[in-house]
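As structure tokens, here come the structures.
In the two complexes that follow, chain A is the common piece, with chain B as its partner first and chain C second.
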Partner chain A sequence: MDTNKNSILSLSQSLLSILARNWALLFVLVLILIFSFTGINFFSYKNFQNIFHLSTIYLLLASSETFVIITGGIDLSVGFVMGLSSVLSATIMRELHAANFTPALSISIGSIVGLIVCIIPGLINGVLITKYRVPPFISTLGMGGIASGITLVMCEGFPVTFLPPYLTGIGNGYLIYILPGKAISFFNRPEGIAVEELRNLIRIIPNSLMFNFIIIFILWHILKNTKFGQHTYAIGGSMDAAVRAGINTNKHLIIIYTLSSFLAGLAGVFNVFQTGIGNFTPFTAMYELIAIAAVIIGGASLMGGKGRIFGSIIGVILLRIIENGLHLSGVDPFFRFIAVGLILIVAVVIDQLFPDLL
Partner chain B sequence: MKMKKSLLWIVVLLLSIAMVAVFSLAGCKAKAAAEEEAAAEEEAVEEEAVKEEVEEVAEEEFTILYVSGIADPFMYMLGKGAKAKAEELGVNFLEAEYAKSWGPEAQIPILEAATAAGGIDLIIVVPTSTEALIAPLKKLYDQGIAIITADCFLGDGDYSVESNYSFPLAYVGTDNKLGGLQIADHMAEMLGEEGEVFIQNTNPDTSSVVARGEGFTEGIAKYPNMTLVGEEWCLDVQQTAQDQTATILQKYPDLAGVFGVNLFSAQGAYQAVVNAGLTGVVKIASWDATPDLINALKEGKVDLVLAQKPYEVGQLSVEAGYNYLANGIEPDKRIIPGFEFFTAENVDDPDMQQWIYQ
Partner chain C sequence: MEYLIEVKNLTKRFGGLVAVDNVSMGVKEGEVVGLLGDNGAGKSTLIKMISGVYKPDGGKIFFEGKEVKIDSPIKALSIAIETLYQDLALAENLNVYSNIFLGREKLRKVLKFINVLDNNYMHDESKKVLKRLEIEVPSLRNRISTLSGGQRQAVAISRSIYWNAKLLIMDEPTAALGVTEQKKVLGLIRLLRSQGIGIIVISHQLYDVFSVSDRLVILRRGEKVAERNVKETNPDEVVSLIVGAEKVAQRSD
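== the complex of A and B ==
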């Protein structure tokens, strides 16, 4: 009898703990349920595909921020590094395209240079933070300003246009296209569709989804199954203990900030593919704050030592679903700002109510 | 030790990058300055010639100064128009330096430097602030210099009522609300006067874009079979504009048209339309005939572009000023040149090329 009671107790406790650990996921499910009733056309595969597709850059930024936050740091430069890589790679693509290089060549050279250059801000951040003991907040804030300034000098405050063709075709493409009863094709939409029929064309699995899946899988694997991932948690848990355990913390942190910067650069290059122009990051965009919020919602702690890639992904999806669902439910734009803020705070308050169960 | 060495290399690398950048920039500047000087000398010679000519014809001669808002295609067009008219009328025409950034802190020193030598009868100025430019311009007005504000105005722009900012001769520029109204008419024409439309706006605190939205709203209300389904604010972030338009397309699958009030909102709206596979089905209207937007029109990304007439604004300003100085004729307090509309049909028309800003 007694043992039975105990096992029920421990079972319910472990259930509660699972619940508390995954409250964000639960919250997402509840929101989906509510918005399915209130939102016009909310519950459809097309809308969910759209949410994922348009979340790509946020997913990348949140993943990069996850690594940094687990080590107990913060990276405020990711949004502006993204703008830098977007404008830089777009500018190179435009110049090469204007010089009559083939689209494939100009696109790949532009992307690669953009990615490589965007390692630099992270490298400098890492060195400043480890060697010169500059707090991450200050170092990355400064680096964000520098990256933003360089970007604006390059593009003079205007988006970079006149890029080679095919960019948006790749960035906004889908794996499968189906015109009900008539045609099916892969990667490119069936040829010879009349304009009136476009509204009926069904598109399944955006390219961006597969891209996201691959990147996220790699990052999840690194964090979960490798020594590098274990060291990341160790540093965030206790820097002293990590040092005593023989981890080269300086080297590790430099790699972490470089990785963060690289992922931001990847987001910037993807942004060029998605929008077909090189976008600088305006100060109103607040990409880094959205990414940080998503990571915290996903169960990470700003103190470090805690956090999961999967959690951060859920955090991003939660934020995007709130925005999308409220919009489709007909909440006016200015009220939406209020609602997003409120839901965000309530969500984290719920999290704080169950700290013991974690 | 190893870290130190790599740090050293990073520093060396950075220094060399910085030096290359500085030298190339300095080189550019020196070159540009030399060119400017040469051009200025040429101008001076020409002016001298014009002066002599004018002196022979008439006793009186006038000098008009143009103070632009920022170095961009729109302001250059305005200056070109003013200069052409001044030459036609035999008036001395001076151009103050084009500011690198928009705002009174950049413009006021330029204004003061350009007027320090005296000898100016009329200033055509694009005031970059409705408030901050009142005092410096009033000072010049009190010295007997006539002021015309072009493209932007002081206070609320109503100079016909006595106030501390009613001293300018006239405001010559665009009526944003009228432009919005006319875009609505053109949109209605494109869509056969029926369907759902949407405004993708930028900043709720910028008077020009707000007025464009208001005009469009009023214009659409005239058509009983057209509905305005909403107005969203993307804060000049293209990614946000894309998100918002995508959500609107999800909510209103039969959406027929979008008015993007500037480059960012139009491009974002267009990307969402591409993303939904509805290119050509959903019409996009936009504002300002910059080379970017004209190119987008040629590529079929945008269907309608409103061109303001900066060249005419310049011409009309000089004309009004000349009539006042030479003949004592008080111009209208508000001089509004019309608009031109670019569509896929007329974009290659030789007559239309003059309205592209360059």
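== the complex of A and C ==
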């Protein structure tokens, strides 16, 4: 009788912990169910593809934030570094294009310079945090402000336009195009397609999805299977243990913040490909809020030592589905921030209630 | 028998304070030396010089008969001196075998060029070392945070042993443990001794020290005041030596 009671208790406990560990995924399913009823055209292949496509920058920012948060740090500069790389690479592309360089050359040079320059803020953050003991919160907050200022000086507060052609063709392209019964093509639309037929064109797998997939796979691999990933968790779990085990923790953290900044830069460059202009990051965008919220929803702890790339991906998808679903249900877009804030807090509460979940 | 490690006239000053003053001692293979003294007697400073955390201001260290300069913890590790600190320094969020291999992970190649963690190898090797030490841990894939204090201690010890420690320095190995677990750790120390490892134990728990040590070295205010074979002394005498009561000098047996 007593053992029976105990087994029921332990069963319900393990059920509860499974529930707590996967609440984000469950919540995503519940949201999909609700929005399928309330949202117009929410439950469609096209819309889901769209959600992924438009989540690219968030996926990148959340993945990079995952590394930082696992070490017990935080990076508040990602959104503004993204804006910096976006504006910088777009400006270079525009100038080279205006100087009659080929589009391929101006796009390549612009992208590469944007990526390289975006390593710098992370590098500085890393050095400040490790060598000068500046708390990550302050260092990255300040760096975000600096990056934002430089960006606005560079673009004078306007998006950078007049960029070379083909940009959005790459950023918004699809792997496969099918015109039912007539044509199929890869990477480009079928030749000689009439305007009125465009509506019937089926687009499968956006380039952005493949791009995301590759980047996320690499980051997942680094975190899960490599020495670098193992040391990232160790540093978050116990700095002392890591130091005494002979890990060069300063070097490791500098790499982590540089990586974070680099991925933010990558998001910025991709943003240029997707929108065809160089976008600065307005202060109201709160990209870092979304990125951090996604990581925490994904099961990471701000205390460090916990977190998974796939968890963070689920976090991003959850937040994006809320935004998309509310939009398609006709809710005012400002409510999105309320929803994000609430869910972030719920996630942290769950983390506090079940500290042993990994 | 020759000493495994011998320190001669080791001195360490912090400003005007002489934390360790001209201390000489040695540990043989398969010998447990208890290092005793009140708070501030210089025990920790002494072992930190041996484990490479502090640099001595004077004196020499000989390891296996040769003079060595231990100027960093890595250097100490490289000549097989392992130190077990009181707080154990385990990463609680990692599992048992990851902790044993932390910083020295075993890798394998996938597709001939991608290095990945060889989890199976690390798991099996950890199992072997735990078996050698007769330690039972439910599963090596469990995180450290799920283990008891004694099990953690055991994991920390097996980490040192796996890397072929010749000298093991243990700072308060039984503090913060339950009675049963203290017994287990003491048993472990005896087992290590029987395997030929030299051990220095720092502890305030006289009972523990007496039950595992061969020799005791007693420090007071940075100086070595006495060295006794465990069989030729008793806790009363040792306490007097630690606190510096005058009576001791008059003992007449």
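The definition used in the following text is that the second predicted complex is superposed on the first by the 312 of 358 C-alpha atoms of A that agree within 3 Å, B and C clash if a C-alpha of one lies under 4 Å from a C-alpha of the other, contacts with A are read in each partner's own complex, and residues count from 1 in each chain.
The definition used in the following text is that a residue touches a chain if its C-beta (ideal position, glycine included) is under 8 Å from a C-beta of that chain, and two chains touch if they have at least 3 such contacts.
For clarity, every value in this text was computed on a predicted model and none was experimentally measured.
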{"item": "Simultaneous placement of chain C and chain B on chain A, clash or fit", "value": "fit"}
{"item": "Chain B versus chain C as contact partner of A:L61, first or second or both or neither", "value": "neither"}
{"item": "Superposition-derived comparison: chain B or chain C, residues of chain A touched", "value": "B"}
{"item": "Partner chain in contact with A:A245 - chain B first, chain C second, else both or neither", "value": "second"}
{"item": "First (chain B), second (chain C), both or neither touched by A:L88", "value": "neither"}
{"item": "First, second, both or neither for A:I129, with chain B first and chain C second", "value": "neither"}
{"item": "Partner chain in contact with A:I317 - chain B first, chain C second, else both or neither", "value": "neither"}
{"item": "First, second, both or neither for A:I107, with chain B first and chain C second", "value": "neither"}
{"item": "Partner chain in contact with A:K306 - chain B first, chain C second, else both or neither", "value": "second"}
{"item": "First, second, both or neither for A:Y233, with chain B first and chain C second", "value": "second"}
{"item": "Which of chain B and chain C A:V295 touches, first, second, both or neither", "value": "neither"}
{"item": "Overlay on shared chain A, then closest C-alpha pair between chain B and chain C (Å)", "value": "14"}
{"item": "Set of chain A residues, in rising order, touched by both chain B and chain C", "value": "none"}
{"item": "Residues of chain B defined as touching chain A within the complex", "value": "3, 7, 10, 14, 204, 231-233, 235-240, 242-244, 246-248, 250-251, 253-254, 263-264, 267-268, 271, 274-275, 277-281, 292, 295-296"}
{"item": "Residues of chain A that touch chain B when the two form their complex", "value": "39-42, 44, 46-47, 50, 53-54, 57, 123-124, 127, 131, 158-159, 161-162, 168, 172, 189, 195-196, 198-199, 201, 203, 250-251, 271, 274-277, 279, 282, 284-285, 323-324, 327-328, 333-334"}
{"item": "Residues of chain A touching chain C in the complex", "value": "221, 225-227, 230-231, 233-234, 236-238, 240-242, 244-247, 305-306, 356, 358"}
{"item": "Residues of chain C defined as touching chain A within the complex", "value": "73-74, 77, 85, 87, 89-94, 98-99, 102-105, 107, 114-117, 143, 145-146"}
